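Scrolling down, you'll hit the structures one after another.
What follows is chain A paired twice: with chain B in the first complex and chain C in the second.
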Partner chain A sequence: MLFTSLTFLAFFTVFFICYWLIFTTVRAQNLFLLISSCIFYGWFSWPFLLLLLGSSAFNYWLGIGIGHTKDEKRRRLLLWIGLFQGIGCLFIFKYYNFFAQSAGATFHFRPDAFLLHVILPLGISFYTFRTLSYILDIYNEKLAPTNNWVSFFTYVSFFPCLISGPIDKPGAFLLQLKNARRFNGEQAADGLHQIIWGLFKKLVVADNCALLTQNVFDHYKTMPAGSLLFGAFLAIIQLYADFSGYSDMAIGLSKMIGLEVTRNFNYPFFAQNIADYWRRWHISLTAWFTEYVFMPLAGRFRNYGKGGLIGAIIIDFAIIGIWHGANFTFLLFGLLNGCYYIPLILRGKLNKKPPTSKGLLPGFRELVNMAGTFLLVMLTVVVFRADSVTQALDYLRRLLSPTILSGFWISEHANIYITLAGIFVLFAFEWVQRDKAHPLQLDRISGAPLRAAIYYSIILFTLLCCASATNEFIYFKF
Partner chain B sequence: MKRSVKKFILQTGLLLAGIVIPFWVLFKLDYLPVITSSSMFDTKMMIAQKKQMGQIDLLAVGSSMTFYQLNSQLMVNTFHRSYYNLASWGLQMGDIKLLLGAFIPQYRPHYVIICSSVGDFSRSPNASYHNFADAPLFMRRHMPELFYFKNFSSIRHIIRTKKDAYPIVFDAWGGAQIKVDPRNDLHIKLPFPTVYTPAAYRSLDSLAGMLALNNIKLIFIETPIRQSEIDAATKQHYQQHFARCSDIVTRHSGTYLNYYNPSVFTDSLFADNYHLNHKGATIFSAMVVRGLKGIVR
Partner chain C sequence: MDQNEILATITDVFRDALDDEKIILARETTAADVDNWDSLTHFQLVVAVERKFSIRFNSQEFLRWKNVGEMVDSISAKLNP
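Presenting the complex of A and B:
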């Protein structure tokens, strides 16, 4: 049940009406939200719904166990059991076959007999991180365990964010589930506008880019460097529009339900350096890793000065990379991003936020910084997008050749102008509205007809120019 | 609170109406939704939907072999039963099996007629037919406008598809006289067998089993092939193919008829290597009708 499907529209319409008009008490709302989330997930796969519920039940019990015992050894044991269960599930479903195949290749044996014939449960990386942060927060005494299983199960399986995040911290989310939601028309309308923007990003920008990038990556060996540069440019735009489009829809849907969830993107292409970029890209995941991986590592390595900090960041990014999937390309993607931090750390500028203009046009320095950061990230996306490290390196080698400025050609012409127009609209709206949570927050415009005209123009543009084939969201496979 | 919820629902409804209206206009102007990658199939399904047909006794399905080569008027005049031709260009055996799964509950036929040639066993099935076959029956039968939103084709794509579509005049029963599309590749010899052929046999087997299970008689008809295309090796492949199809069809209590007869269907009766011209199709239909007289009661 994709957010872009007619089935989801029907599902959400029924849900919305029942949620606000029939279920008005906190208990009824939470229970209905949980049942709806189960239907939503069960629509993809009923057997994996059992895994989700089983994992939730196990962590709910662990949370109570950790929270209610004073014995440190027992608390630690329960935490390790929780970590083992969460990471173990991820390992089995996501990484086991990769490690078996890699071991087979390294030690020259056929791994077929050791391979597991399992498919990756949808959203497992996201909901596992929710359960992990719950037990870690209880262990670190940042959160008291909830005694309300409905609330906890709803937190883990909340359908707008279940498949691809954002990964909410349990504290803020569970707090919202304590009281009955009161309908707020402005919040719901804002959510609807954010969904419209998300649909535009996904259907016009990401799906049109997908047709072109697929073409370039399939035929990169026969294309000039200019085309490969263009392909890499489209690949990063596609990734951003696809994933942030999904996040916008998830956040918008949550607002319509009366719940605020974590922001996941903050206009990352306007970042001034790589640290700034990662503070704006997939914010909920980066924040998760910063809190539970980077901070403990940095604390442990603090005696090693800048070297320790570099080590902590590189390990953190290596894990972020491998979180995306079982492939060396993701590991390399993470390592490259980690290495990009080294100059910032050495120059002591890691946490310094470069000044940015508030005006309509960026300053020259700001523009150069943005372009530089964009280029660096674009190169890592080639690695992210490639099927193998060999292909990624080959692509980059061909890209960085003298023919880079010789122009470009690609065989798929049909959508190129539409795609570029979509990208232009995307950048223009995001730049002008960069101080807003999403570009369709048009509160600066006082006239309601003009606001309505802008919303409808975006809708019409989407109807006119969406791609002929809609693709599954990229982050579904993570 | 309920008032504000209702107000929001009303406003959202108005917004959705603003989305629905352009598509409603397109539908009225015959710019039909793009359901599959075959504009001909999509057009045909919309025509069939507009006719609001109920039960159909004799249902012809298949590729262009069925579409062009069964003379609708002759079928109707001979058998005096409800008849419709739902065949479409380029359908492979896997596609036919998939679509029959959607047609059977909708039309509840007593007989399914498939005219076929080796070309129906030589390519991979087209996944886009799932867009139609997997849609709810209610949508296919009563609200085909929903396909605009189910498949999310842009207005630009809908207009372009209509503009690029090859014009075909259907008769009242979904058939048509052949007018070979110059863009088709059937002037060349199709490779056969291919890597997709074994899967196509499995599809035929499954299709025949499905029809038998539903007490529907399958009538499988081999169509002629231009003789000048056939060398000794090819002929052997074709004979093996006929034997295989015959075996599958008869195993599931279907009727297998073979009109691959070079002495009757001389090269002058062909429009291309696999399609009969109008004169050839008339002769073919007459032979089929004679062949079916004892079978269709």
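Presenting the complex of A and C:
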């Protein structure tokens, strides 16, 4: 049940009407939200719904155990049991076969007998991080355990964010579930506008880019360097439009339900250095890792000064890379991003956010910084996108060759102009509206007809120019 | 050193580390109230505070602070055991 499908439209319409018209008490709203989330997830896979509910029940019980125990040893034991369960599930479903195959290749044995025939449960990386966050926050005494199982299960399985985030912290989310939501027309309209923007990014930009990038990555050996550069450009735009489009829809749907969830993207292509970029890209995941992995590591390494800080960042990013999937490409992607922090740390610039312009045009230095950062993340996304490290390095070697300036050709011309028009609209709206939570917050425009004209233009553009084939969201497979 | 002096000193540390002279800290201030105070800069603020007061926190302590007031209490407890 993709957000872009008619099935989801029907599901959400029925949900929306019942939620606001029939279920008006906090208990009824939360229970209805939980049941709807189970139906949403069960639509993808009923057996994996049991895993989701089992994991929720186990961590609910652990949370109460950790929160109500004074004995530090017992608290720590319960925490470790929770970490073992969450990370263990991720390992079995996501990484076990990769390790078995890698061990087979290294030690020259056939791994077939050791492989598990399992498929990855949808959204497991995201909901597991919610349960881990919950028990870690209770252990760190930042959060009291909830005694309301419906609220906790709703936090873990909240359907707009279940499959691909954002990964909300439990404290802020559970607090919102304590009171009944009252329909707020302004909030719902804002949510709807954000969904429209998310659909535009997904259907026009990401899906049109997908047709072209697939072609480039499939035939990169026969293409000139200019085409490979263009392919890398489209790949980073596709990844951004796909994932941030999904996030916009998730946040917009949440607003329509009367709940605020955490922001996941903050115009990352306007970042001026790599630290700035990662503060703007997949914010909820980066913040999760910074709090639960980087900070404890940095604490342990702090006697080693800047070297310790660099070590903590690189390990943190290596794990972020591996979080995306069991492939050496993701590990390399993470390591590279960690290494990009080294100049910032050595120059003492990690804490300092570069000055940004408020006007229509960026300053010269800002423009140079943005272009440099974009180029770096664009080349790195080749590693993220490639099937293997060998393919990534081969692609980059061919890209960084003298033919890079000799122009480009891409065999499938049909949607290039629509794709480029979509990318232009994306960048133009995001630049002008970069101080807003999303680009369709048009409160600066006082005339309602003009605002409506802009909304309908985006809808029309989406309907007319959406790609012929829609793809599953990229982050579903993580 | 009393709690007000500690608060004034850590305000200076924050201003210096985050390069922002406009920062004003109160006991109730949280990371959400200060521009640039995020999880990445939090650790470096901790190290800067440790250096300023010549003290050392364990990771349990600085992971548990919910606001500036709890940070001030931790510093005070170490300075006045």
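Everything below uses one rule, namely that the second predicted complex is superposed on the first by the 478 of 478 C-alpha atoms of A that agree within 3 Å, B and C clash if a C-alpha of one lies under 4 Å from a C-alpha of the other, contacts with A are read in each partner's own complex, and residues count from 1 in each chain.
Keep in mind that, in the parts below, contacts are C-beta pairs under 8 Å (C-beta built on N, C-alpha and C of every residue); 3 or more make two chains touch, one makes a residue touch a chain.
What you see is a predicted model; the values in this text were computed from it and never measured.
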| item | value |
| --- | --- |
| Which of chain B and chain C A:Pro296 touches, first, second, both or neither | second |
| Partner chain in contact with A:Cys466 - chain B first, chain C second, else both or neither | first |
| Superposed model, chain A: greater residue contact from chain B or chain C | B |
| Contacts of A:Ile17 with chain B and chain C, given as first, second, both or neither | first |
| Touching partner for A:Ile319 - first (chain B), second (chain C), both, neither | neither |
| Contacts of A:Arg182 with chain B and chain C, given as first, second, both or neither | first |
| Partner chain in contact with A:Leu51 - chain B first, chain C second, else both or neither | neither |
| Partner chain(s) touched by A:Asn351 [first = chain B, second = chain C, both, neither] | second |
| Partner chain in contact with A:Leu203 - chain B first, chain C second, else both or neither | first |
| Contacting residues of chain B [partner chain A, same complex] | 1-2, 4-5, 7-9, 11-12, 15, 18-19, 22, 34, 146, 149-150, 152-157 |
| Residue numbers on chain C that touch chain A, as the complex places them | 17-19, 35-36, 38-44, 46-47, 58-60, 62-64, 66 |
| Residues of chain A touching chain B in the complex | 4-6, 9, 16-17, 20-21, 24, 182-183, 185, 188-189, 192, 203, 418, 455-456, 459-460, 463-468, 470 |
| Residues on chain A engaged by chain C in the complex (per definition of touch) | 140-142, 275, 279, 287, 290-291, 294-296, 298-300, 302, 309, 350-353 |
